[in-house]
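Two complexes come next, and they have one chain in common, subunit A, joined by subunit B in the first and subunit C in the second.
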Partner chain A sequence: MRVEYINPFVEAAFNVLKEVLNADVRRGELYLKSTTMPVLGVAALVGLAGDVEGRVLFDMSKDTALAVASAMNGEQLPSLDELGKATITELANMITAQAVTKLHDLGFKFDLTPPALFTGENMEISDHEVEALIVPMEVPQGKIEINVAIRERA
Partner chain B sequence: MTGNEGPSVVGTAERKDRIDAINFKMVTFSLSGKDYGIDIMNVKEIAKAGKFTFVPNAAPFLRGVYNLRGDIIPVIDLRVFFHLPAEKKDEDALESTLILRIGDHIFGVVVDNIDKVVGISSAAIQPPHPIFGDINIKYISGVVENQGRLYIILDVVRIFSPKEEEKPRVVAETAALSAPIVIAEPSEAYDRGSSATSELDFIKETLFALKRFGATELNDGWLNARFAEWKSMKKGSDLQLRNIDDAEQFLEGFFSPYTATFWSDEYAASVQSILPDFSSKTIQAWNPGCGKGHETFSFACVLKNRYPDVRIKIWANDNDLLSISSAPNMVFDLEDVPDYCREYMSKGKNGYGFNAAIRDAITFEYHDVLNANPFPELDLVLARDLLSFLSPSDQSRVFGDFSDKMKSRGLVILGKNEKLTDETDWKSIGNDEVSAFIRA
Partner chain C sequence: MKTKQDFPSINERAPDGKKEDGTPFRVLIVDDSMFVAKQIGQILTSEGYDVVASAADGEQGVEKYKELYPNIDLVTMDITMPKMDGITALEHIMNFDKNARVVMISALGKQDLVKKSLLLGARNYIVKPLDRKKVLERISQVLEK
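So, the complex of A and B:
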C-alpha cells in the first residue's frame, strides 16, 4: 500500500473517534495482513474507486458497536437496532470521507461508495492479491480495527 | 569416550562381549524437559540444597556458594549456563543439586530433576550431532539410548576444567582456553572434515536464529569463504557465535556496498554499465526492501541516465513502516548527494529534494514481500541483500515471484555476495561489485 495513503486514514480515524466519542483514543501498532481474516462481528465496509481500487473495513465486536452507537446517540440503546446500525454506518462514512478529503488535498482522487454494514457470527473476509493495512484503535468502548486494502490501478 | 576408538583394534567376538557389558554408569537428570547424563565417576554425591550465598560480580550462571559440611563450594546453575528456561523457585526452596568432583575441585550443579543411575556399555555411546541444538556441541561427549530414552552425556571435565577460576570474567574466553586441553588431535582427515561441516552448520543455524540470515545456495559461496576466514581469525578456537554481536561481526562483510546511503559515482557507473538495452517504451522495476529509499533514488537516477527517452516506473517497498514513511519526502544537503543525482534535484522549502520527474517514477509502498505481490510485468528487479534474510522456503517463494513477474529478457540485481546457481535459466552479467543475472 502506497505510503502516502497511510497517514490520512490513521489521522482521520483518530480525529473522528475522539470527536464523536469525546474520550481517550489510543492507536495500536500498524501492521500488514494478507489472505483471509476473521471479522469480529460487526463490519462496516466502504468501497473506494478512482485512481485506486480497494475498500476500507471497520471491524468491531457487537458489544463495542452497541456501546459506540449508544455513546454517539447520547442514550443507552437496548440492542443494535436500525438506529444503532445507521450510527455505525455513519461513523464509517465520516472517517473514510475525512481521509479521502485529506488525500484529495495531496493530489489523489478517490471516490467512495455508500457504506454497507455486515453483522453476523464467524464471518471471514478475503481479498484477492492485496494485503491490508490494519490500524487498531482502542476506545473506552472496546477495540475498533480499521482495515484498509487499496491498490493502484495497474 | 573410549568406546569410539575400539572397533578397529578389537576383534568381532570380543566386541560383541563388550556391547553387552555395562562399563559406563551415568547419573541422569533433566534440563528443560530433555534427558542428560554425567559420568558417575565425576559425581561425588547428589543433594537437595538451597540458600546459596550470592556472590557479587560473578557470572550470571553462578548461583552462589554453598556450605557442604564445612567445605565452601561454588554452585552453578546449568540451565542458566546453557541458556535454557528455568522455573523460578522461592528463595528458600531446595534445588536438585549434583555435587561433582573434577580433579581437585568440587562443584555444585543445579538441574531441574535428578532421575537415576543408568548403566550402559560405553560402546553404545555415539558421537554428538549438531542437531542437539540447545547445548553447544563442544560440551557434549556423546549421546546414548537406553530403554527408549535418549540421553545426552555432558562432558563435565570440559565444562568445569581447571581454568574455572577465569570463567566468571569472560565466558567465551574460558571455553577457548579450556578447549585445547581436552580436544584430542583428530587423527584422520575424515574427522577433521566432518567436524568443520558441523561447525559451519551450527553457525548457519545461529545466524538464522539471531539475524534471520537464511543460508542457502544463494549465499553459500560467500558463507564458505567467510567461514574459512573466520576460522583463521579465531585461530581454530571458539568458532561459535554466542550472541548478536558475534553474528553481526560474522556478517560484517556480507552487505552490498552503499547500503542505506546513496550509491557513489563509481558504483552507479558500474550498475549502469551492466544494464541491457530494452526495446519497450516503459521500463517497470521492482525494488523490494528499499528501506529509507536511498537505494531507490540512486537506482532511479541511474535508470534516467541510461534510458533518457523511456518512461520509468519503480515500485519500491519495505515492511518497516518507519523507514518507508519518510522515503517519499526526504530532503538532503546538496553536498551529500552524488554528482549523477544532482541534475534531478530541486530546491524546496526545507532543502533539496528530488524533482517531480524522479518522484513520479517511484511509488513507495508499505508492503511485505511475503504477502501477495501484485505487480505488473517487470523488466528489472533490484533486491540487494533481501533474499538472504528470509527463511530458505520464503527465499524460494519470493524468488519464484521475481521470475513469475519478470519479462523474458529481465534483469535481477542481487546483493554483492548473492549468486544464482541455476545457470541454465539465469546468466550472470555482473562484475566484481554488482551481482546481476539476466534471464536466458
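So, the complex of A and C:
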C-alpha cells in the first residue's frame, strides 16, 4: 500500500482528536497487519470506492470509546448508549472527511460510505485481498487504532 | 442567601441569542447525528437562543419548518442525511419561504456542496468539528443581516 494514502489519515486523526478532546495526542509506530485481525471492541468502519477502494476502521476498546464519547460531550455518559455511539460515529466522520479532502487535493477521486459502528467482544475482521496499515493514536482516554486498507482499483 | 444583590452582574453583554426586544431567536436544528444536534443545541441554548425543534432528516426538517413558519428565525442544516439530503431540503425551504435563514453544517471536503447551497440561498456555513466560537460567530452574522 502506498504511503500517500496513509499520511492524510494520520494527520487528520491527529488534528481532529486534538481538537475535539482538547488534549495531547501521540502517534505510535505504524505497523502492518494482514489477513485476520482482532478488533478491540468498538469499531467504526468507513468504506471508500472510486479511483481507490478499501476501508478505514477506527478501532478502540469499549472503555476508551466511552471515555472519548464522554469527553466529546462534556459529560460522563453512563454507558455507550445511542448518544455515545452517535458521538464515535461522528468522530470517524470528521477524521475521514478531513483525510479525504487531502486525498482529493492530491488527485484521488472516490466516495465514502456513511460510518457503520460495530460493537462486541472477540470480533475479527478478515480481509484477504488488502493488507492493512495500523496507525495507533494514544490519547488520555486510551488507544485508538486507525486501520487503513486501501488499494488502487484494478 | 440573598442572591441578586450579593452577586453583581459582571457580564453586561447581552447574549447573542436574544433579539433587541429581549425575546430569543428561534432555531430549528436539522441533523441526523444525535451528537451534532446536541452539540449545536447546547452551544445555542447557552447563548440564549431557543431551540424550538429538531429533525433527523431533510424531509422532517422541511415539514417542521412549514409547521413552525413564521415563528422561526433560523435553521441549521446538515448536508449528508438519510431520506432527503440537506441541499434538497434547503431548496424546499427556500421555495416555501424565500427569506428563510439557513446555515449549512458541513464536514470538511464538501466544498462543492457548500457552494451549491450558498447559490441556492443558504446564508452561511459552518465546517465540523464545531467549536463554540465559530458557531456563534457565523450564526449571529446571519441574524444581523
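Simple rule for what comes next: the second predicted complex is superposed on the first by the 154 of 154 C-alpha atoms of A that agree within 3 Å, B and C clash if a C-alpha of one lies under 4 Å from a C-alpha of the other, contacts with A are read in each partner's own complex, and residues count from 1 in each chain.
Convention: contacts are C-beta pairs under 8 Å (C-beta built on N, C-alpha and C of every residue); 3 or more make two chains touch, one makes a residue touch a chain.
Remember, predicted model here, so these are calculated numbers, not experimental data.
A.B. asks: Give one word, clash or fit, describing how subunit B and subunit C relate on subunit A after superposing.
C.D. replies: The answer is fit.
A.B. asks: Using centres of C-alpha atoms, tell me the angle at subunit A that subunit B and subunit C span after the overlay, to the nearest 10°.
C.D. replies: Here the answer is 160 degrees.
A.B. asks: Quick check on the superposed pair: does A:E19 touch subunit B, subunit C, both, or neither? Answer first, second, both or neither.
C.D. replies: So A:E19 only meets subunit C here.
A.B. asks: Could you say whether A:L133 touches subunit B, subunit C, both of them, or neither, answering first, second, both or neither?
C.D. replies: So A:L133 only meets subunit B here.
A.B. asks: Applying the touch criterion given at the start, work out whether A:A86 contacts subunit B, subunit C, both or neither, answering first, second, both or neither.
C.D. replies: Only subunit C is touched by A:A86; subunit B is not.
A.B. asks: Now for A:R151: first (subunit B), second (subunit C), both, or neither, which partner does it touch?
C.D. replies: Touch partner of A:R151: subunit B, not subunit C.
A.B. asks: In the overlay, answer first, second, both or neither for which of subunit B and subunit C A:P114 touches.
C.D. replies: A:P114 contacts subunit C only, not subunit B.
A.B. asks: First (subunit B), second (subunit C), both or neither: which does A:V68 touch?
C.D. replies: After superposing on A, A:V68 lies clear of both subunit B and subunit C.
A.B. asks: Using only C-alpha atoms, work out how near subunit B sits to subunit C after the chain A superposition, in angstrom.
C.D. replies: 24
A.B. asks: What part of subunit A is in contact with subunit C in the complex they form?
C.D. replies: Residues of subunit A touching subunit C: 16, 19-20, 72-74, 82-83, 86-87, 89-90, 93-94, 97-98, 100-101, 104, 114.
A.B. asks: In the complex formed with subunit B, which residues of subunit A make contact?
C.D. replies: Counting only subunit A, the residues touching subunit B are 1-4, 6-7, 30, 32-35, 128-131, 133, 151-152, 154.
A.B. asks: Applying the document's contact rule, which stretches of subunit C touch subunit A when the two form their complex?
C.D. replies: 33-36, 38-39, 42, 80, 107-110, 128-129, 131
A.B. asks: Can you list the residues on subunit B that touch subunit A in the complex?
C.D. replies: Interface residues on subunit B, with respect to subunit A: 319, 321, 324-325, 327-328, 363-368, 370-372, 374, 376.
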